[in-house]
Every structure is written in C-alpha cells, then in structure tokens.
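Let me give you the structure first, and then I'll get to my questions.
Every chain is named by a letter (A, B, C and D) in the order it is written, and numbering of its residues begins at 1.
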Amino acid sequence: MDILNILLSESFWAASLRIATPLIFGVLGALLCERAGVLNLGIEGIFVVGAMCGWLAVWLGAGLWGGVLVAALAGAFFGLLHAILTVPLGLSQHVSGLGITLFATSVSYFSYRTALPNVSSPPRIEPFQPLDFPVLADLPFFGTVLFQQTALTWLALFMVVAVWYVMNRTALGIAIQAVGDNPDSVEAQGLSVFALRIGAVTAGSSLMALGGAFLTMSAFDAFFFGMVNGRGWVCIALVIFASWRPGKALLGALLFGAFDALQVRLQTQMGAAVPGQVFLMAPYILSIVALVIAARSADYPRALLTPWFKGQR
Amino acid sequence: AEKVKVAAIYTLPVEQQWISRIHKALNAASDRGDIDYTFSENVANTDYERVMREYAEQGSHLIVGEVFGLERAARKVANDYPNTAFLMGSSFGPVAPNFSVFDNWIHEPSYLSGMVAGAATNSNVIGMVGGYAIPEVNRLMHAFMAGALETNPEVKFIVNFIDSWYDPPKAKESAFAMMDAGADIMYAERFGVSDAAVERGVKAIGNVIDTSGDYPGTIMASALWHMEATIDKAVANVAKGNFEAADYGQYSFMAYGGGSLVLDESLVPAEVVAKVKEREAEIMDGLFRVNVNDERPVSDN
Amino acid sequence: MSNIVLSLNGLSKKFGSVVANADVSLTLERGEVLALLGENGAGKTTLMNMLFGHYLPDSGTIDVADANGQLCPLQLGHPLAALSAGIGMVHQHFTLAENINALDNITLGAEPLLAVRRSTRLARSKIDRIIEKSGLKAPLSTPVGRLSVGERQRVEILKALYRDANILVLDEPTAVLTPQEADTLFENIKAMTKDGISVIFISHKLHEVLAFSDRIAVLRHGVKVGEMATSQADEKAIARMMVGAESPKVERTKIATGDPVLQLKNISVAGRSKRDSLEFVSLEVHAHEILGIAGISGNGQGALAQVVSGLMTLSEGTIQVGGKEITKPAPQAMISAGVGRIPEDRHREGIIGAMTVAENMVIERLEDSDIQSRGLLRPDAIEAYARILEHSYDVRGPGVTAAARLLSGGNIQKLILARVFERAPKVILASQPTRGLDMGAAAEVGRRLLEARERGAGVLLISEDLDEILGLADRIMIIRDGQLVETKSHDREAIGLMMAGEAA
Amino acid sequence: MFEFGIPVLSAFVSLALAAIPLLLAGANPIAAYGQMIKGVFGSVFAISEMLTRATPLIFTGLAAALAFRAKLWNIGAEGQLYLGAMAAVAVGVGAFDVAGFILIPLIIVFGAAAGAAGMAAPTFLKARFGADEVVTTLLLNFIILIFVQMMLEGPLQDPMGLGWPQSAPVLDQGMLPRLMDRMRVHSGLIIALIAALVAQFMLARSVWGFQLRAVGENAVAARHAGIKVKRSLYSVAIISGGLAGLAGVSEVAGLKGYLTADLSPGFGYTGIVVAMLAGLSPIGVVVAAIFIASVFVGADSMSRAMGVSSFLADLVVSMSLLCVLIGGFIAKYRIIRADKGNTTS
C-alpha cells in the first residue's frame, strides 16, 4: 500500500472528514467572529467548554441533542463574555481572547473535577452513532465517506451551507460583513454595531463549542483533560487560509484532516523510518505557505481588531 | 499508631491509566484507614519540584509520584528531606537513604496477552497504538509482541505513537488506520483504541487497567497492573520506621501480585486458554522469564 | 399646519474642552434648500451628526414633522429614529462597506435582518428608478472597494434617496465630484424639492451655494452667526460672516528668482487609482520662488506630494534637489538633501500623537549630535531645543512634554512648521498647509512661507484653496488627471475653468 | 492615583470572586486566602518559588511588550522559548566543554540567537509578503513544539536517558548559578531583571527606542519623518525573539538542566497577558509577572492545603486576569476623561 493507494481508499477520506469535523465547526465559528471584526482567541478554551459541558449534560441524563444544545449555550456564554470585553469595552482582542481561553479551560477542568472528584477512569456516555442510510450507505465510494458519519458531521456540513447562506444571501449576513469592514456603514443605516458584533461573536462561539462537543460526543464518548490539544488554534489559521469564506473553510478543514489521516497511515507503514513528526508538522507548514501565497490577495475584514465607539472619529 | 501521611503528585489527571492504578491503591489504603491521603494532579513539570517540597515541608511521611521528566531534581529534593520517604515511578535506580523507585513491570502479563492475540488473529496483522515511545511503553509492547510470536510466528505488527497521553479521538483514528491496513487485533495501550475496535467489530487487548466491562465482547484479555503490593509494602515500611531506598519494581511482577492477566474465556478458545495458563504458571514459578526490551518498537514491513 | 418640517432647538455639543456647537437653532421648510456654511471646524458636521443621531447632544431638542405635518420630538442619539422620521444623510466621510456591493450598501438596514429570504429584485428596480430620475449612475453589483471616489459619492447619495427621505442632509456632497457632476446633482436636487423634499447641504464652494440654495445659515466656532435669503447674499457678505472679519492681507514683495532648487523631470508614478498617479510631470522650483499647484481635490496632488516627500517609488523620471539627483528617493534622503515637508494630513502623517511635542519636534533630526550621542538621546538638550521652538513659533498647548495629540489642529500645524523651518530647508513642500486652520493661523503659515522665500528657499505650494494660491504663489501650475499645465494667468475665473478641465 | 488604585482594586475583586469556586468545592474562602498568602510569602522557600515562576514570565512578558510596542504581534514566544532551550542544550551538553565563564555566555548567546531567528522569520514573511504575524507565529509554536519532540527522539536525545524523550543534561559549569542554597531561584532572575531595566532605559532614552515607539504609534508618520520602519521592525523582532529565547535558556540552564517537550506550561502565552497587564512597560512587566506568579503559586499551594482540585490555581489566575483587564479599562476611561477636561486650544 503506497500513498496513492491510501489516497484512493474510501476509509482515508472517511477519516479525513471525521477528523475535519471539529475543525469545520471551529473555522466557521472563527469566520463569523472575524467577519464581524472580532478576533476570538478564546476558541481553544471554548472548544474545551463545549467538550466538557456537552458531555456532562448527557452524562447527567440529557439526551444527545440536549448535550449539543448545552454545549452551544456554554460556548455562547463565553463568546458573550469575550464580546462584551472587546466590543462595548473595546479591550484588546488578543488579551481578552487568551484570557477567555485560560478562563474557559480552567472553569471546565475545575467543574469537571469538582463534579466528579473520585473517578479513576472517565465515565462514558452513549455517543452519536454513524447515521444509518439504508441504500446510500452501500454506494461505492460515497457510501463509506459520507453516509457512515455521525449526525454531528452532517450538522457540520449543513452548517457550512447555512453559514454560507446567511452570510451571502440574507440581510443579516450582509450586515455582519459590513460591520467587519466599516462599522460606520451599519451605524449610518440605523443598525446597531454593538448588537451585530456581539451577536456574531456569540453565535460564532457557540459553533466553536460544537467542535468541542463533537470530540466528546461523537469522536469519543468521554471527557479528558487536554483532549482538545490545539485544535482550536488550528482553526484561527484555517480561517485565514479560507479567506473568511465558508466553502474554502470546509476545504481547509478537509485538507487539514486529510493530512492528519495521511500522517497516521504513513506512519503505520513507514514506522520509524521517517520521524512521524514530519507528517505532524506538515499541515501547519502548509497553512503558513498558503497564508504567504494568499496574503497579498487576502481581503481581511478591514475593521478586524479595531474597536468602534459611537460618536468617536 | 499514628496514621501514615501520604501525599501523591501526578503529572497527569488521575483518570490516566497509569496514574489511576497508583491512585486506586492509595485510595484503598486510605479507605482501610492505614493512611491519610492527599494528592495533586496535573502538576506541570516546572512545578513538580515545588509541590514535592511543599508536601515535604507539610510533614508528609511518604511522597508518591512519578519523576520520569525530572529524575535529578527529585533526587535533590529527597536529599534535602532525609526524613521523608519518597516512592517514585522512575526509570532509574533508588538513592539511599530515602529515595525508592517503582515502575510498571507488567511485561509478564503483557507477554501472556500477546499469546492470546497471536492465536486470535486471522489476518496475521496486529495493530498497536501507543502514547509516547518511552521505555515503560516499549517494554510492554515488546513483551506483547514476543508472546504473540510464540503462538503465531507469522504475525506482523503495525506500531504507531500518537505523541500524546490523552487524545482518544486521535488514538481512535490511528486504530482505524491500522484496521484499514489489515489489523484484526488491536493492542489498546491508549484510551480510544478499544472504541475503534468496537466500531469495526474487531477484538482488542487491554493494558494496565481492565476495561472489559466497558467493551463487553471486545476485550479478549488485559495485562493488569496492581499497585497495591507496592504501596502496601512501602506504607508498612514507613509505619514501622524502616523505609529504605529500594527498587520496588519487583512488586509489580506477577509473583508479588503486582501484575496479572485477565481473560475473557468466552472470547478465547479453550486450547489457547490452557496454553496461556501453562505459561502463567511457569512465570509464577520462576521457570519462564519474559525478556525486557526498552527499544522503540517499529512496524514490520 | 405650518410649513416647517424640521426644527433644531438650542443644540450644544462639546468634545472635551472643544465647543463644537453652542445653542444652535435652525428651522427648515418644506421644499427648501438650506445651505450651511462655515470654516473648517466650525461645527457643521457635528450639527448634522446630532440631527442624524450619530452624536448625542449635550443639550437641546430636535423636532421633525410627521406625516401630517405635525412637529414631533425626535429621539436623540439613534440613527434609526432619524431614518424612520424621514431624514437621510450623505456623510462627508463615506460610510460605505467596501467588501459588499453598492446594492447591499444601499439596502443595508432597510430590510428585516432576520428574514430567511431576501429578494433584491424589488430593491434593484427601485434603485434603477432613482438613478434614472437623479442621473446618479453607479454600478450596483461591484464591491464598493473597487468603485472610484465619484461613484462612491453617488452611492452614498443613492443610499439616502433610497430610504425615501423627505429631509435630505448633504455634507459636502460635491467635494469629489467634477463640476459637471455637481451641477447635475444640484439640478436633480432642485427637482426633488418640487416633490416636497427639503434639503440641507454643506459646501465650501460659494458658487454652488449661491446658485442652488434658497437660504443660507452660517456657523462660526460652533455658534450660528447669521442667516439670510440667498437672493440677498453676496460672496463678500458671506465670507465676512464666516470668518468674522475681512481676511488679513499677506504682503508679498517682489524678488528676483534664483537657480532651480527642485527639479522634477518626466515623473510618472502608478498609484492605485488615477487619483494617486502622475503622468510625465515636470516642474522646476527656483530659489526665492513659490510655485503654486492648483487643482480640484483628487487630481494627483497627493501623489505629487508623496513624490517630493520621498514616499513613492518612481516608475519614470528623476528628481533633483539643488542640482543633485536623488537616486533613491526616500524620506530620509529628501530630508538630508534639504527638503522640508509640510504634509497634507497632519494628524496621520505629520505627528505621532502619543509622543510628546518635544519628541515630535526632533523626529527628523535623530541623527544630529545635539539630539543624540552614540545612539542615546539627550533629553535635556531636546527639551531645551523644543522650548525655544515652542516660543519662537508660538506653539500653544499643555507644554513640550505633553502628548502632541493634545494640541489643537492649528497648534499641531505650528509644531510642524517649527520642525520644518528651523532646519532652514532649501526646498519646502507645503501640502494643503492651511486646511482647517483659522484666519490667524493661516496668515501665520503664509507669513512663514514668504519669509522662507525671501531667505532663498523654493516653495512648492499645493493647495485646493485658490485664494491661497493666488495670494502666495509667484507662478501657478494646474494639476488635472495627474498632469501639470503651467498658466500665466492669475485670473480666478480662468484658472477655475482650467481646473475643471475646460480650455481657458 | 488611578494608575495604582484600580489595578490593586481589581486584584482584590478577583480574589473575592475566587470565593465562588472555593465555596462550590466546599472550602472556607477566608481560610483559603490565608493559605494563599502563606503559599506565596509565608517562607523564604515560598518567595523563592514565586520568583522562580516569575522569571520566565518576565522574559516572555518583555518579548511581547517590546514587539507589541511596535505593533508587531508576536504570539510566538512559546515557540521561541523552545528554540532558545534547544539551542541551550545543543551547546550546553558537551559540544563545548569549556569553563563556565565561557560556556554560560555561549549558551546565552546561542539561545537568544535561536529565539531571535524564530521571530525574524515571521517578520520577514510579514514585511515581504504581508503574511499576518499573529497567525504565522501562532502556527510556528506548533511546528516548533513538534520539532522539539522530533529532536528529543533524535539528535538531542540523551543517550543515557533510557529512551525517554529528553535531552542530555547541561554541563554543570554551564548551569546558571542558584541564588540561594537549597532554593530553586536562580540567576536567570537577575538576567531577567537586568533585561527589563535595559529595555526600559532603551525604550525611553535611545534613538532605537524612540524610533520603535514612533513606528508603533504611527508608522505612517514615522516613515514620513524618515524613520526606516522595516529596519525598526526587524530589530525589535530580533530582540523580542531573543528575549523569548532567553526564557528557554533560563528554564533549561537555570532550572531543569535538560530539555523535555513539556518544559513550558504556556509561559509564552502567559507572557502576552503579562505584557498587556503591564501596559507594555518593561518595568511593569516585572510587576505583572510577579503578580501572576504570586496568584498562581499562592492559589496552587492553597488548593493543596484546602484539599480542593488543583485546577483551581489556573482558574484564579484567569479570573484575576479578566478582572485586571476590566479594571484597566476603567482606569483608562477615567484618564481619557480627565485628559479631555485638561486640553488647551
């Protein structure tokens, strides 16, 4: 089995999509925030919160979709906190974001441990199962790749379309794009800059939390400390790779997932011949290269990182 | 007599397999009323030494932990507190008068679990997912591989390390990749591997802890680690006032009850069970020695 | 039922210690065109921003006529309230999002945000109708970022018209339009007033005011100082009202010009748009001479200033200062060659607001040994130097150790003058040097420029204020579409026509 | 008055808020505060530990503060720290078996140079291609950390280390001397303090610092005034990266003696927080680093004494951070208002 064989195998693509799922949620979330002009470095912590809260809710007896909802709400809460600090208060988005990551992570860990002081192996829930599509699942290639994924992966794919639709086909999305480019343009049309930004950051953060929830409710069935493992940060890079477009966000996440899946497969074959880390590094290096290539044309939301206050010029 | 005050310092949360075994043994001793037990988990490497000293200053009698990343510093601390007993997971030796070491020497049951795996594979490919390629992991993998080769000289291994102690989704992906490459038995060194096995309907072999309850019908056998023998011995020595620097490693051997094999007899053919029992008895009697090999295992090609 | 559609009652607004508006009252009648005049900084935009809800007044109220013509109080501080009361505003500084197209900019906020579907068909046909009626053509489907300034200005106006405003506020709508475009715009506006729309417009172009308004109101230092019917107004009277006095005449003496000190030969630069490009521009400035560059804003003045400042890479041509070619134009190279630069945008290019007045005074002299030795600054020497400059250039403010941003616009300009003139430069580039300054400060700038000319410097004066050019320049060139033409005439009318691109 | 009062007030507010998790975990907050103070200031040992933890934070805080002054958003101090640490062990474990007074400067220079290179690269990508440095430095952190793991399983692995992914120990004479017997606080702290003083002085008094501030506050005007903006950016990138590299040197050659992949529990990221708390002032960085270190060490020790989860420490640190941030906002807001009242025209 060589690289070509891997690339042609269904299971590789299925794995890529699976690995990409939390990233899809995360990039879409980051995209929403940044489109509105707010960088959200709280993403890593919001992933943790989503992973913990979603899982905990299910463990306490809520249904799986109940857990998803709880995760989204928890993400929205921390997103709202970030939004309040950075939008009306206009604090540094970098610092507030890092603060939110630290806060969200430690709140999650502390509450998990306080709620479950005496576990020696992590309690498990019954996670999302691959959806059963009677006929479609037997299709040659797509059967495996697409139709044996869990509901959350489908939700992620749906969200790509939904976010694209909202951003490009609804007045709300246009307003979010406008507020990230020139807040005065929406103020002058009678819309509230604060409301749009706070709303976008809150909604984006709840999407990020779903990325975390996927980890504990679909990719796995228990919560572990440190299991988010940098996935949130990756999204911050991917959103630039994606030039803030949902379709390219999906592409970027899939590419990253594919690299990871390829890495695992190559490592199992080559063993220690090539240090596995070379493959682990590849997606990050690729992201930088993509960024350098795209930088010239990258149309940053012009108001990104710039707070706006009424009546100030 | 005064209860022995024991403090434990873990570099990872107590859910981690390895640590959970120490934690469990200490909790048991605490429940019996032998010790007062406190612990700190997830202590960063930089902070470890401070925590050791704090516990020492607070008058702990016995400090238990794992010093793999900070062998020197830990010995320095022990040297500064000669009246405190230290029992530390370590790859190196003890230091007089008060620094003892232990390690998860369960290569024996690992060998036995390998025998089960070797006999069970149809594809003759076994997948192994590890955390980091450190001696503690490598040694068990090699023992397992040796056991598998005994029952099935044809067997090939695929090995992968995920470079994390804690990333079940990643371990799961790694396991899937191995199954795609033909593995039909998985050696589950990390959380996540057994889940992949369940999803694909293949069998798995457990390590350190017994998870057969969580994955009924999937875990054929597990090599278990029991820290009770080690902890109880050390606590008793401290209580008696004759704690000495020693290598407690042997208390993880099967003969001391520190390691054991558990089998799901409904999943393992009777003749294999018999063969394994036979080896097990030989090990207990000291008639069979399992080789120790700390090198990083690599996939067969 | 009265004919009054809008009434501003005693509006006041302070920014810190700046009184932008003090107790301003104003009424507007149905179908009337009211021109709001005043110097830069007089508070015109502030007043309109309060009307539109961008700023919350410190005191005062606003009443707007409802559908029945009844005056009702307007909720202050909310653009949405103003919009729903039928007030539309064309902002002096465009409020357009560049990443979405004109259509979306126009409809933004006019449709329900939470609707799942959005139909642009109706909107488009409505806009097409407005375009047809008003003649304000703009591409609707191109991202605004790719539109020219004129097109953006039109989109900005379309935005207000789209909302069916019956009170239209236009804050300097013609600043970047060609004279023809401006005329069409005003003719259309005039036509709209027939339908009962009332208009307030702000402009610095007196001929527009005289030609198109019905009534004139004048602000000075935030206070309304007068109102009159346009039919009874003449330019002199308006000017006197605006500045409070006859403008002080600057005396210039005749001197023979010397050798060329600055020569641009066939310079071309490619900017991002026509606005900041130059095509084969040549000019010479001699010692003892002020060369004035006149032109309508956005015809390449910025690019020309940047070239002389050393901020642009030339795609063609050479620059010589004092006869020596500047091979690699860069700010540092220009400074050491003896070019003093007074930048157009003093807040953005001229000073570093967060640094002290003293630091800003020495920022171009960091190499000099009285400022630093071995890479370390000499704070005492710097402060002493700054105090001398503060005194001799009359920079008034909280002192040389205070942040420069705390100075007023006029004093910031004095700081820059001090920095430039103190080095006795051979060449002086003065780019819009009196923009936003009051009479006194403006006269001071003129005096300094003439003084430098007497001393033997050559001055390149770029200004959109024709009076300033006529008052100071020995020679005049006109910049249009990135090209320079010399004119022998010092006749206002003729030069104005040339600026507009019509043969004189 | 404002500059001092409000941060102190917000620190107290954050402590008051810490009562919530304490009560949730069933501990007595009053007793806990006592334990916390004891844990930081209760003994020479406690103070030494606090200073030990503050040391790398001063370095990374300075790295962030200087770069941010020039509006160069270096989020990569974590990676640069590891580069410095790798360089330190590369030269320190025996490549040059020379006397300490030569070896120690060698380690420092190589460590700083490695960190500097780690920041120069993204600055180049920014200056040359316009690639956003927030993202490139963030991504480089991951790349470098993976690279460290690779090195620790490869060329840098300790041959005597029984296969553990760790480097050989730095030679004894290459270790930065400890400041006190039996205490961990080491001369890395002295270097950090000197660095802070020098940075403060250079920012305020040197032409370099003048230009740096000018570029950061208004790059357009700085360029117009003849300041070489790119050169200024490169110079601060190199110094910022170098300081972050020194954090790695100090952790390896001052504290642990060898390199592992978990050398830093996020010192690079915390450094950003330290820098912002300090209002980007180098001396302020020292104060903020000591504040953060005190809160962490105090809360950590308290969690142990009170028997609550040790995750409490990070929680208290993050709460103090958010409180101080908001407090800073209030202070700034009041200063702006006071400012506006005092202008002349």
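Note that contacts are C-beta pairs under 8 Å (C-beta built on N, C-alpha and C of every residue); 3 or more make two chains touch, one makes a residue touch a chain.
These numbers come from a predicted model, not from an experiment.
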item	value
Most distant chain from chain D by Cα centroid	C
Whole-Å separation of chain centres (CA-atom averages), chain B against chain D	36
Whole-Å separation of chain centres (CA-atom averages), chain C against chain D	46
Whole-Å separation of chain centres (CA-atom averages), chain B against chain C	76
Chain D: positions in contact with at least two other chains	146, 149, 153, 309, 311
Residues within chain B bordering two or more other chains	42, 163, 296
Per-residue multi-chain contacts in chain A, two or more chains	109, 113, 277, 280
Pairwise touch network: line, ring, star, complete, or other	other
Complex contacts: residues of chain A adjacent to chain B	1, 9, 11-12, 15, 18-19, 109, 113, 118-122, 124, 215, 219-222, 224-227, 229, 260-261, 264-265, 267-273, 276-277, 280
Chain D partner contacts - residues on chain C that touch it in the complex	15-18, 309-311, 330-332, 334-335, 341, 343, 348-355, 359, 363-364, 366, 372, 375-377, 379, 396-398, 406, 408, 411
Of chain A, residues touching chain C in the complex	169-172, 174-175, 177-182, 184-191, 299, 301-302, 310-311, 313
Residues of chain B defined as touching chain D within the complex	38, 40-47, 49-51, 53-55, 57-58, 68-70, 72-73, 80, 91-92, 132-135, 138, 163, 294-296
Parts of chain D lying in touch with chain B, wherever the complex brings them together	43, 45, 49, 52-53, 146, 149, 153, 162-166, 169, 182, 184, 251, 255-258, 260, 262-265, 297, 300-301, 303-305, 307, 309-311
